[in-house]
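Just so it is clear, A, B and C label the chains in written order, and each chain counts residues from 1 on its own.
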Amino acid sequence: MFHWLEKNPFFFAVAVFLTIAFAGLVEILPNFAQQSQPTVGTKPYSTLELAGRHVYIKNSCNACHSQLVRPFKAETDRYGHYSMSGEYAYDRPFLWGSKRTGPDLMRVGNYRTTDWHENHMKDPAGVVPGSIMPAYRWMFTNLADIDTAYAEQITVKNVFAVPYNKPLPMKDGSKEVVKLADSLSGAHASALAEAKLVVADMNDKNVKEMVNNGQIPEIVAIIAYMNSLK
Amino acid sequence: MEDRPLEYDYTIAKLFMYSTIVLGIVGMLVGVILAWEMAFPAVNTMLGEGLAEYTNFSRLRPLHTDAVIFGFTLSGIWATWYYVGQRVLKVSMAESPFLMFLGKLHFTLYMVGVVLIVGSLLMGITTSKEYAEFEWPIDIAIVIIWVIWGMGLFGLIGIRREKSLYISIWYYIATFLGIAMLYIFNNLAIPTYFASDGIGAWYHSVSMYSGTNDAIVQWWYGHNAVAFGFTVPIVAMIYYFLPKESGQAVYSYKLSILSFWGLMFVYIWAGGHHLLFSTVPDWMQTMGSVFSIVLILPSWGSAINMLLTMKGEWQQVAESPLIKFMILASTFYLFSTLEGPIQAIKSVNALAHFTDWIVGHVHDGVLGWVAFMIMAALFHMAPRVFKRKIYSKSLMNTQFWIQTLGVILYFTSMWIAGITQGMMWRAHDEFGNLAYSFIDTVTVLHPYYTIRAVGGTLYLVGMFIFAYNMFKTMTSSERVDESELQNATPMGA
Amino acid sequence: MNKLVLWGIIITAAMLGFTYLAVGLTKGGLGGDIVNQLAVAGAVVLVLVTVYVVIGYVRQMQEETASGTLADETWDGIGEYKNELPMGWAIIFLGSTIWAIWYFLVGYPVNAYSQIGEYNEAVTEHNSKYEAKFENIKNDPEQLNAMGESVFIANCKVCHGLEADGIGGKAADLNHRLDAKAVEFAINNGSSKLGGYPMGVMPAGMAQGKDVTEIADFVAGGMTSNKGRAAYEMACASCHGSDGSGMGGMAPNIKVFTPMLIGKVLDHGKKGGIGIMPSFEHSLNATQKLAVETYIVNISKGAN
């Protein structure tokens, strides 16, 4: 049989393809069948948070930081509750990472604060002596891309039925709604409102001024994103 | 069938040889920069604060992985394809103007792709998925390039004179099919600009899959990108270049067959080993682990076949630096395909995952196996393509030893770093509390990061020696006669 | 002995030596942790097997000669022997395949194993072990202090620094109760985040003008000078007491660190003039909190 295949490239190729495609289906399909349900307390990202997530991706923070707490005592002691599938329901793409040069950030919003991030992103080794994380000073002047974040929100709402504007169950039994603006200017306004809350806890004069002038630097967006990781 | 040796046309092979060398140096230079940045973070701002956005570790890291994978390795695969394909199919590219045209188009579009990729990664345009960072416009370009290669591949096979396909061809076909399938499905995404009636960046997209599902697709892809990018086509190379260079017949046809189909069947299932202890269902993880163990055998099959092909030929190993490269490549192939499965055992992965031990595993595979094999292939091809002797055998020897030392420093340091780091993360003290804060587990690694950076730098120095030797071979080395080009590659001093 | 073999042995010895060092230098070493043991065993097996197998093939290159019947075909001059499969390889391949099928269908069929189940067991075991071991730690100040240091290193050091000095003003200096800036901040902005003092919250503006700095210096200076004392008595003593001790827990003790104050900071976090400290309410258990409270009270005593 093999000799025959080796003389018939077409069937050879078909045989190879079937072999690899078959295994692929078994590996992938079963989990797709059971659509992952968001856990209670999981919310879609707000415009500013999503813009921050884009900053995170743009700078490949995932090259050094995972977002996956594995179920080990040492890991849950360090980072908090182990990850659950439904918590990632709105993560496109997923950001689990594959290398922990720096700590996991899955729940960093629980144990780091706005001003700490501000100092840290400006000069990591100044805050954590011995840190090998690069400083991200340009984030204090580059502007976050609110437009693209908003475009992505609209896309996931329309295509994947991500529940913006719908009451979602929270852990304490209450309901919360993540609003999606109905126009681009509305999205800018709500992102700015959120940015003001973040900036209230920051010290950088320049950043404060930019936000006062209606601009949102990347650092504000990424901190909003990190604060949302809980 | 005619007796007269065919006049093979190496125009396209040559072009890809150049890009292999250039992109190899670029990719590894960036790797060396990364390594120094991890040892000495000040290197992040080596071109000043103003350019730090483009020179810092995280912006450069995808550039390194993509330059060495989609630049160096792919170029090497194609350089060898456009050489080996003609020879084992006994047909010259010159016989078909259409195939020549496809080949040239292939290279031209590829160069355009390279420029787009470098530019976009430096600007931070990435989707974050490892080894699939590119946004959709580049994905489309890659698919087109791939299809063009496929047309050339099957076109050449279509007009072949050698009826049955040599082993290397099996592996090239599998490379083509495997990557095509994987790449397309992992990159399915929706461009947000079009889905939102024109808001935001035109090139931005959002993944078709979310969370855990996205992870499964990504590592189904990621693991098999290793399979069909770093293993299958490299095996294609060694099956041609080692027997050809040494003049020995392949040890066992049966072993070739069984390793090939075994590899095809087993590889795909193993992707779950990148997702151990994640939120992927337990049984899928178990499947990934179990198949990884079985995978040792088909992987080792090819390596053993090659080592046994050299049975009784120690003389050649000792004499020829070119054969040394290939024997060491097989050895590292054995090593990394045993290391991988060991790291895929759940309890081992609990420690190894996320650590530098994985990075060590990666590089004993890519530096020791992939890059060694590609360079050996180029060394073998150069005299036949440029009709000149290899410029310097002693430079080749020097390169071999420098790079071997480089790899050893690289993987030993990362091995220790990874195990240390993994154990420190897990450690509880006598009170049952975590024994170390995270930063303690970073600062201890400094010496190992430094050793790795030195090892990587040595490897890069070897690359420069390689480039120089090749350059001299192309331009000013002694001419050789067709008759000298049977087996062992003619070499200068 | 042949050079390659020698190299093999050197590399094996070196790798195993380094691995041994890595293990030895980590607190607790293998420490009864099955994961550590298996990982290190895996590393050892990896080196030994590869080196041993490669040496085996090198022997064959040196001592045997190629043999077998050649197939009829050649490709670009490359021939092929019709040799049988290497026996060992074939047997192990078959064996591993059978093992895989067994493992997947019989050994650990689809839902036989749960990583979360395993985690829960591990946590229960860990907790009961240490709870039993430190059942009476409350009565052992020295142990408590040592445990507090251990908690501090893993959880607090990142912000407060190994010396608890706040890393150049990035977080509070825990060697001294309050510096003048913190007091000024509390006077000007009030204080409400600590939560749960019988006095409720502290309103902003309890003192004005130059009184503010005088009081701040007075409090930060350990409440011993005369300057500022009068203003303090006027504005603050009603809640914090004239000695600053907080009148038995009605308001925070602002002279020295007390377990109560630290406990409240841990539970509620703190938002002050320096920045924001996150809450540790759920990430530390009661014993750990008590321990780190003791530890901070002690270091601040030592430093004063």
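The working rule: a residue touches a chain if its C-beta (ideal position, glycine included) is under 8 Å from a C-beta of that chain, and two chains touch if they have at least 3 such contacts.
Since this is a predicted model, take the numbers as computed values, not measurements.
Considering every other chain in turn, the ones in contact with both chain B and chain C prove to be A. Of the two chain pairs examined here, A-C and A-B, the one linked by more C-beta pairs in contact is A-B. Using mean Cα coordinates as chain centres, the one most removed from chain B is C.
Spacing of chain B relative to chain C, judged by their CA centroids, is 36 angstrom.
If you average the Cα atoms of chain A and of chain C, the two centres end up 24 Å apart.
Chain centres here are Cα means. That of chain A falls 29 Å from that of chain B. In chain C, the positions touching at least two other chains are 115, 126, 154, 158. Contacts with at least two other chains are made by residues 164, 277, 287, 350, 426-428, 433-434, 438-439 of chain B. Residues of chain A in contact with at least two other chains: 71-73, 77-78, 128-129. By the touch rule above, chain A contacts chain B in their complex via residues 2-3, 6-7, 9, 12-13, 16-17, 19-21, 23-24, 26-28, 30-32, 36, 57-64, 66, 68, 70-75, 77-78, 83-103, 125, 128-138, 142, 145, 147-152, 154-156, 158-160, 184. The touching residues of chain C, when paired with chain B in their complex, are 11, 14-15, 18-19, 21-23, 25-28, 31, 33-36, 38-40, 42-43, 45-46, 49-50, 53-54, 57-58, 60-66, 68, 70-71, 73, 75-86, 89-90, 92-93, 96-97, 99-100, 103-104, 108, 110-111, 113-115, 126-127, 129-130, 133-134, 146-147, 150-151, 153-155, 157-158, 288, 291. Taken in their complex, chain C has these residues touching chain A: 115-116, 118-119, 122-123, 126, 154, 158-159, 161, 167-168, 170, 269, 271, 274-278, 280, 282-283. Chain contact summary for the complex, chain A toward chain C: residues 71-73, 76-78, 80, 82, 110-116, 119, 126-129, 201.
Across the complex, chain A is touched by residues 37-38, 41, 44-45, 49, 52-53, 56-59, 61-62, 124-130, 154, 157-158, 163-165, 170, 173-174, 177-178, 181-182, 185, 190, 192-193, 195-196, 199-201, 204, 206-207, 209-218, 220, 224, 257, 261, 264-265, 267-269, 271-272, 274, 277-281, 284, 287, 350, 353-355, 358-359, 425-428, 433-434, 438-439, 442-443, 449 of chain B.
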